[in-house]
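Okay, so chain A shows up in both of these, paired with chain B first and chain C after.
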Partner chain A sequence: MTIASTTELICFLVLSVTLVAGSLGVVLLPNIVYSAFLLGGVFLSVAGLYLLLNASFVAAAQVLVYVGAVNVLILFAIMLVNKKETMAAIPGLLLRRVLSGAVCAGLFALLLRASFTTDWALPGPTPVGEEATIRIGEHLFSDYLLPFELASVLLLMAMIGAIVLARRDVFSSDVITGEPVDQGLIEKARTPLLLEKPALEKTS
Partner chain B sequence: MILALVLPGFSNGIPLQAYLVLAAVLFCTGVWGLINSRNAVRVLMSIELMLNAVNLNLMAFSNYLDGQLIRGQVFAIFVITVAAAEAAVGLAILLSLYRNRETVDMERFNLLRW
Partner chain C sequence: MQTFAVVTPGLDLQSSFLDLLDGFGVSQGLAHLLWLPLPMLTVLVSAVVGVLVNVWLERKISAAVQQRIGPEYAGALGILQPMADGLKLLFKEDIIPAKADGLLFTLGPVLVLVPVILSWLVVPFGQNLLISNVGVGVFLWIALSSIQPIGLLMSGYSSNNKYSLLGGLRAAAQSISYEIPLALSVLAIVMMSNSLSTVDIVNQQAGAGIFSWNIWRQPVGFVIFWICVLAECERLPFDLPEAEEELVAGYQTEYAGMKFALFYLGSYINLVLSALLVSVLYLGGWGFPIPVEWLAGLLGQSVDAPLVQVITGSLGIVMTVLKAYLLVFFAILLRWTVPRVRIDQLLDLGWKFLLPVALVNLLVTAALKLAFPGAFGG
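Then we have the complex of A and B:
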């Protein structure tokens, strides 16, 4: 083994240990804020694996989109909904966990068998390496042009949909006095998130 | 040298199957978390884990089997785009649900069940 391949192997082992431990932590840790930060670690180690696979552009996109946008979005959502609540106990929860664990282990065994018994066409053509970014650009503007443009439409639709779904109802007049009011103020005052609600707690 | 002794299958570089096994572990963890999480935000995180596993598979196949055309990398970019849109819409739905139900417990989101 050369020094380069040994280094690659060490990088792969470290990244895969980080990946597996981080993903288990995301699923198993009781505190969801820790889970969100571990999810960022998982995304970063996946980006490192992309670098090992000669895909520098996708690794950069992974860091920008997942770590920079999705993970921050998840952290914001956690901060917005982070109310201490005790989840009601469910009968048979442990049995459910064990059964779904068995199903997932079966799925894992199936995937393992598929990946080890399939006769892959190895070795394939030599990877393009550093020219990967150029090839991706050629693909995006020739044979994948329609999906590329549709992706922009999809992002626009998702953006508008997220705004419409997450927007609070705004009253143009005060509900109590009936006067027209500043919408910024009324939105802050009437939101259910910030109101202390003794009435709701009595009913529920 | 020591590494080569410990891992005999890795003597000619990292095999394709190593990436496939890693992606399988990630995907199964994501499926388990998706089924068993009671916090709705954690369900979304599990979906992201599964999408990353699929992307890892695409990149591994693109590097090992399709090294000249790298169609897997292009496809992974589209998956990343769709995942970003899904995360945005999913979290917006989650916020709206939280305003209506005052909880993030998945067991209590049964408005449409009966």
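Then we have the complex of A and C:
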């Protein structure tokens, strides 16, 4: 066994352990902030696995998109609405937990079976290494053009939806309840703090 | 694919080192393993020394701006003052507030510092004078710098202090908003040099000395990049996350001793790193204003001669550092002359001005590349 392959094996083991432990923590920890931070760790170890597979562009994109954008947004949302309130006790919590655990175990068994019965092509195709960026670009603009564009349209729709939900003042009545909009939410015309107040008083 | 056959190999310390060990009969794998820590340590040490220089510059220049003398008793011209600062932080008591979340409180500064140091991986000081010429180069830097806000949010949240939380949230918001114009202006450069690798980007600017630098072809991109980099470093026109008058010290409020020093180190290393990247992307990296090949030809020397290689290699390092510190000087001057923007002005500038301008810049670059493939890297 050469030094390179030993290092690779050690890295793989460490990354896998952090990945599995981290994702279990994301699901099981009661404190949602810890879950969110652990999710970042999980994304990072997935990026590490991509690096081990010689897919450095995918790894960097994974870090940029999932850690830098998705996870930061999740954390942002949690911290902006982080009210310390005690949840009302949910009836039959134990039964719910057992049921969801059973569903997860079933899914896990299915995945295990799929991964053991599939005839994996070993060794896989030779890694393209640095050429990967060019290859990804070619695919995105040829055979994957439609999914790529559809994804961008989907994101645009989500963005417009978020704007509509966040700024109800653009409508005269509330989107959901149909009631007239709370006038307090509508943005006031800006008057500079110090300069124009005397001028305003003179006119009124 | 790559068309840089004309570029001379220059100083290649790694192959020289490996050849030397090979001469002693050391196996190739072991020689490689022995080589690996050397550039990393060099870069780590030079980054920290860069911070010391930076702190001294900041003190001296701010003093000059305010017509003071600044540090003068610790060493000649006060050059030992940053050492004194560092030692003070080292010996200060390390306090974790009673109501803070100890684990996250400790992890936060680490998460802020580590990506910054990792990004030095792609900073080239010469054709072969960098830790690793990874193909994704600048993209790796952008990706790594997006980890930082998580560390800031973490330390802001775990301090259990309203100023810290606000500072952390502001830092994350600022860093997310300015990442987009930053990436777009880098994309214009990448489009011109057909590569993400920092070495290729510098080589593409090597043709005619100072006239082939990207700053002439990308003046708008240069300004956008510089503004965004200042915002990412939280330097003064954009230092809202730690605005003293509003937030005490932002996410650093509860920190003391070595943990505070990690934030301090992180911000200064980030400043030097950003200046280095500006010089790599826009100011020709290690290139001398007059092409070195031309100078060597004038003196009747071959570029491949060992002595010339050593001289050009050192010249490259000096040029990179010189350009970077010139930019650092401007950053410091800006910090001590420009007032702070408000948070709404900051976000307006990022989203409503820089983002559209960066998009237009990208489009214009693409059009120019199609129209004049010779001048804009076809």
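Everything below uses one rule, namely that the second predicted complex is superposed on the first by the 164 of 204 C-alpha atoms of A that agree within 3 Å, B and C clash if a C-alpha of one lies under 4 Å from a C-alpha of the other, contacts with A are read in each partner's own complex, and residues count from 1 in each chain.
Simple rule for what comes next: a contact is a pair of C-beta atoms (placed from the backbone, for glycine too) under 8 Å apart; a residue touches a chain by one contact, two chains touch by 3 or more.
Being a predicted model, the structure only gives us computed values, none of them experimental.
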Chain A as common anchor, with chain B and chain C clashing or fitting: fit
Touch count on chain A, higher of chain B and chain C: B
Contacts of A:Leu80 with chain B and chain C, given as first, second, both or neither: both
Partner chain in contact with A:Ile3 - chain B first, chain C second, else both or neither: second
Chain B versus chain C as contact partner of A:Gly40, first or second or both or neither: second
Contacts of A:Leu111 with chain B and chain C, given as first, second, both or neither: first
Chain B versus chain C as contact partner of A:Ile32, first or second or both or neither: first
Which of chain B and chain C A:Leu154 touches, first, second, both or neither: first
Chain B versus chain C as contact partner of A:Tyr50, first or second or both or neither: first
Touching partner for A:Gly68 - first (chain B), second (chain C), both, neither: second
Shortest span in Å between Cα atoms of chain B and of chain C, once chain A is used as the common reference: 14
On chain A, the residue positions that both chain B and chain C contact, one per complex: 57, 61, 69, 76, 80, 132
Sites on chain A touched by chain B in the complex: 1, 5-6, 8-10, 12, 16, 19-20, 23-24, 26-27, 32, 35-36, 39, 42-43, 46, 49-50, 52-55, 57-58, 61-62, 65-66, 69-70, 73-74, 76-78, 80-81, 83, 85, 87-88, 90, 96-97, 100-101, 103-105, 107-108, 111-112, 115-116, 120-128, 132, 135-136, 139-140, 144, 147, 151, 154-155, 157-159, 161-163, 165-166, 168, 192-193, 200, 204
Complex contact set, residues of chain A against chain C: 2-4, 33, 37, 40, 44, 56-57, 60-61, 63-64, 67-69, 71-72, 75-76, 79-80, 129-134
Parts of chain B lying in touch with chain A, wherever the complex brings them together: 1, 3-4, 7, 10-11, 13-14, 16-22, 24-33, 35-42, 44-46, 48-49, 52, 55-56, 59-60, 62-71, 73-74, 76-78, 80-89, 91-96, 98-99, 102-105, 107
Residue numbers on chain C that touch chain A, as the complex places them: 1, 29-30, 32-33, 104, 134-136, 139-140, 142-144, 146-147, 149-150, 153-154, 156-157, 165, 168-169, 172-173, 176, 179, 196
